[in-house]
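Note that the chains take the letters A, B, C and D in the order they are written out, and that residue 1 is the start of every chain.
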Amino acid sequence: MINAGIIGSTGYAGQELVRLLLEHKDVEIKWVTSNTYLNKTYNKAYGSYFRIFDQECISDNDFENLIDEIDVLFTATPHGLSAALINKEILQKVKVIDLSADFRLKDKDTYKVWYGLEHASPELLEEAVYGLSEINKVDIKKAQLIANPGCYPTCSTLSLFPLLKEDIIDETSIIIDAKSGVSGAGRANNVSSLYCEVNESTKAYGVAAHRHTPEIEEQMSYIANKDIKISFTPHLIPINRGMLTTSYATLKKKKTYNEIKELYEQYYKEEYFVRVLDEGVYPETRWVEGSNFIDINFKIDERTNRIIVISAIDNLVKGAAGQAVQNMNLMFGLPENTGLKQIPLFP
Amino acid sequence: MINAGIIGSTGYAGQELVRLLLEHKDVEIKWVTSNTYLNKTYNKAYGSYFRIFDQECISDNDFENLIDEIDVLFTATPHGLSAALINKEILQKVKVIDLSADFRLKDKDTYKVWYGLEHASPELLEEAVYGLSEINKVDIKKAQLIANPGCYPTCSTLSLFPLLKEDIIDETSIIIDAKSGVSGAGRANNVSSLYCEVNESTKAYGVAAHRHTPEIEEQMSYIANKDIKISFTPHLIPINRGMLTTSYATLKKKKTYNEIKELYEQYYKEEYFVRVLDEGVYPETRWVEGSNFIDINFKIDERTNRIIVISAIDNLVKGAAGQAVQNMNLMFGLPENTGLKQIPLFP
Amino acid sequence: MINAGIIGSTGYAGQELVRLLLEHKDVEIKWVTSNTYLNKTYNKAYGSYFRIFDQECISDNDFENLIDEIDVLFTATPHGLSAALINKEILQKVKVIDLSADFRLKDKDTYKVWYGLEHASPELLEEAVYGLSEINKVDIKKAQLIANPGCYPTCSTLSLFPLLKEDIIDETSIIIDAKSGVSGAGRANNVSSLYCEVNESTKAYGVAAHRHTPEIEEQMSYIANKDIKISFTPHLIPINRGMLTTSYATLKKKKTYNEIKELYEQYYKEEYFVRVLDEGVYPETRWVEGSNFIDINFKIDERTNRIIVISAIDNLVKGAAGQAVQNMNLMFGLPENTGLKQIPLFP
Amino acid sequence: MINAGIIGSTGYAGQELVRLLLEHKDVEIKWVTSNTYLNKTYNKAYGSYFRIFDQECISDNDFENLIDEIDVLFTATPHGLSAALINKEILQKVKVIDLSADFRLKDKDTYKVWYGLEHASPELLEEAVYGLSEINKVDIKKAQLIANPGCYPTCSTLSLFPLLKEDIIDETSIIIDAKSGVSGAGRANNVSSLYCEVNESTKAYGVAAHRHTPEIEEQMSYIANKDIKISFTPHLIPINRGMLTTSYATLKKKKTYNEIKELYEQYYKEEYFVRVLDEGVYPETRWVEGSNFIDINFKIDERTNRIIVISAIDNLVKGAAGQAVQNMNLMFGLPENTGLKQIPLFP
């Protein structure tokens, strides 16, 4: 049995982690922290857990005393906080999976530019393994500290991975137009996330300025082994969960659908969670809701010599808590999909 | 291993059954029928099942030939069809759980009045056990044919059960005002179920004329052991899943919240799926979504001497496929919640 | 030209008032106050007004200095505030239409019980006219201070008015089950109004304790000329705008649909905004969205001898700003529907 | 008074036309046709019109007999039908504004390729004026037959117009990623438009194959005076109304935000319906809902040397019926915004 602790358990990603870990046969949640629901039973934060998970939330400040009870620590905290909380001593005692952005960028200066914060533990950046499970599997298995990827980087990077690796697309031509459900904004109470403000509308946000941009670029650059700059525009759409990325790139030379399809299948044939769909069938977020799948397909637009790649995930699962559990499975030598075989919930 | 067949597998209730049975460790789905997706793989009906469940749908007409392959038959068919399909021979070979209304009313004349159909197998009405699991558990365990309850009857009857049984409320005073998500209308393509027609609106329908009325009355009459007539008004609200009933009744004599709460706890203390909430906390459909729970609470309005009872279910789970699986568990001697411990999905 | 000022212009009701007054040919908005958007142009609060209404919001504190510029003052403020702001001097200079609850209840003690506040200007309670336009038309025309009705009281009282007035229903039997869109909760940023918390769910709230209860009872008591106590349960449903009330009452003696229909037509035949629908057609909120109409219809349930009355309004229009403008029209001698003929927006 | 007839009045675009024409002080609707609601009063199709517009719908087949009653004919018909209905004789008697795609493409072969139909009246293609009001104003004023633009072409072409006209962007680099509400799919009853199928999901459709592609390309080619090929991907999002396009293009040379902003203001300074927003404020569909506005803004992404242009319309207004009325105003010498000053409805 893997004993787990969760810091920041009452945000949306933290809650999803609680759900998945409770449904995981090899895990026991020893404690959860929450400042908002401090000393309250968990079902006060989420009524769904009434009689299912009734632990009292403890304070972030208490977690170090309880570190010996656990084997793995999940941090589902605002940016800046986990970098301040995690240190070498903790990493000697437990494996850490950080769902925040703090350990995703290798360069602390880049971090400062995009997050506006001085990094609190730059000495750990080197050690942290970027937890894009399908791509960094070998390193994840040996890691003590995982930087769990952002939702946008997960969805877009996995969808372009074979193309980048095989050098099929012009790396200066990449445009990623993404659409996200509202849970990505978290449970913070600001006017712009109110029901009436989001419902019946859509908008772009963080235009050419979203913090996931350098994360996507860093990962794509590793894959392609060259410096990549992308255009990335996220949009907010009125759904609770779900993320769709539509990526555009110019093909370096003519390719048929089948040639490229074969590549995708070759790269992903062992990957339980990556579903490359049948020709002509494009991902829809409803078909992955509540699950850890990423659905991918593409079309070659011969009129413009571009490839259009579409991918869908549940932003809270594959885009956050699900991938965190997937990484935990890898780190503890479990089959990668343990506890993650939930069938998407529809409708 | 229980081998199962499903007739009418590609409606919303049928699909939910597929989901739950696939997640049930003791069940194997041997075959599914669908006229709409005949000879097509199941994921053509629901993309979520791509690489999860890729059986081809067979015809309703073929099912009798395949009856020997299965131990239990689920019929998730339009009203009238299962009464025509099921007969004594089939019941000798397999247990049948009918999710339609065909075997819910004991009197074929009442059936005709409300459904406008001559009942095709009235000789089976006596044998059929009404599958409200918490109430008819003993009979369900011995049953060969289950009439799986409607969503409204499930939600309202369980919420009033202790009050009716204990003769606490004036049985002429019962009013049930219900709110249902859109999946209750099924996957049929009619204009009134189009997104733009349902979204951003609410309405009552079947006012004083809904077919679940006699079903509710029959069950409540059994419980109270007297003839009960209710007022029942269903409303359509723009959510996929979820049902809330708000029931009003006059108290026969003064009772405190705690006195009645104790009764509920006494009746339901062994029931895994019935959650009587803490005082002041009222059911919300989001807290049961995707699960087989029914959440219940009530308030005594001293100003009017009425009790107001509120209950919430997922209409596709406890209101249909989940309760069907619960009944299957009972019929096959399994723990009642086997395969039904999914945590509600939120948000 | 009527010159208008609005205190609290950037809440949802305030904004709707701005929309309706800008579309009103006889009104000019001289100034608007907003503490949240103080000194900002109105389109910073609502982007829809860009280049349409670009006044700067002024402070609540400045309004008295500007009282000479206006003929009518609308207060769309939180409860308690308008009672503190309005006084005899102001009422000598301008007509006041208060959209808050401060002047709706005639008894300051009842106010204190339900609102938890000492009333700041009880001396004005007698003078205030309850602005249910269709019922109190004569008094409204002469009024200097209007207590603009709450959304629930408007929707339910108008729907039962002929029945109460004609003494057709048992006044102890009235149950009002109401459903409201989320804009009724206002633009305050609390977690329970976040998109993900409201979307895909429904719940009752304020069970047997909602503040509109005494307001409804007071108005119904006036109409019926006897003391009336009701059961009232509001529900939140995931739509921006719209309110539906389903009311139940026992008939004192048998009546046919047509007999009662005739009464409704008699009472409302001169009323532009009251639409009594054709038999068998029930109100839906989508058919009144964005308009000042109230749609009403009913069914007699002979099995239980009850009448079920259903009515629908747009809570921000007939339930707030629209009725305020309707009252203004009456007070200034304009045709009642001036500036209020907007056709409902669908889909 | 302009007398108007509408063929196909009970689709979503037809209904919006009814709404706008009823709110237009210079127009009288003489008759409307509908095959679905033949001989029924209009409120049977849309309950919102009860007591507002109660004409009976006549048959498409009768319209020629009634052509003398009208000055302008609107055709809101499926593709193929208006080309079959309109002819020279009709055009001699009345002005025609066709909301279908039949007269938008100048080349009948291109029409056949994308619409799969032989064009029924190719001799009219030359005469038809493409009704993008802001761009073709001079010709529209003199036109007898207007091809009212598609929603996607309207939204994207207006947003790029100054850039194309001024030759600022590389015309081979244009990518348009569009998001549309569900009303764009019309009121036809197919499973994919059901509430439960669309709600809580998003998807791309018509990937590199949507019929608006050649229409956009044709108009952009006229503007730029060179042959333009674009990548265009529409997405379906769960809102009733609203369309957002996010367009990407490479700048031919470095430009500042202000330089380009000045261009937009120069091109659109006389245009009532085009709102170029303040720097840093991006279009959201909620701010134009129910109105004829198009909101536009852009960002220059210096890292990639691209310009990202975002625009929002209400697909049923500026994207269909509103622009049709705008064109009618131009054709009849009325101020362009007559009857089109509705303030966006929010929330």
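FYI, a residue touches a chain if its C-beta (ideal position, glycine included) is under 8 Å from a C-beta of that chain, and two chains touch if they have at least 3 such contacts.
What you see is a predicted model, and the numbers here were worked out from it, not measured in a lab.
Hopping across touching chains, the smallest step count from subunit A to subunit D is 1. Where the sister copies subunit A and subunit C meet, the same residue numbers recur on both sides for over half of the interface positions. Centre to centre, using the average C-alpha position, subunit B and subunit C are separated by 39 Å.
In terms of their C-alpha centroids, the spacing between subunit B and subunit D amounts to 46 Å. Here the spacing of subunit A and subunit B, counted between their Cα centres, is 37 Å.
Annotation for subunit B: residues 12, 183, 196-197, 199-200, 238-241, 284, 286, 289, 347 touch two or more other chains. Residues 12, 15, 19, 22-23, 46-52, 183, 200, 240-241, 275, 277-278, 281, 284, 286-291, 295, 341-347 of subunit A are the ones that touch subunit B when the two sit in their complex. Partner subunit B is touched in their complex by these residues of subunit C: 172, 175, 177, 179, 196-197, 199-205, 207-208, 229-231, 233, 235, 237-242, 244, 246, 248, 282-286, 289, 299-301, 303-304, 306, 308, 310, 312, 347. Partner subunit A is touched in their complex by these residues of subunit C: 12, 182-183, 187, 189-191, 193-200, 238-240.
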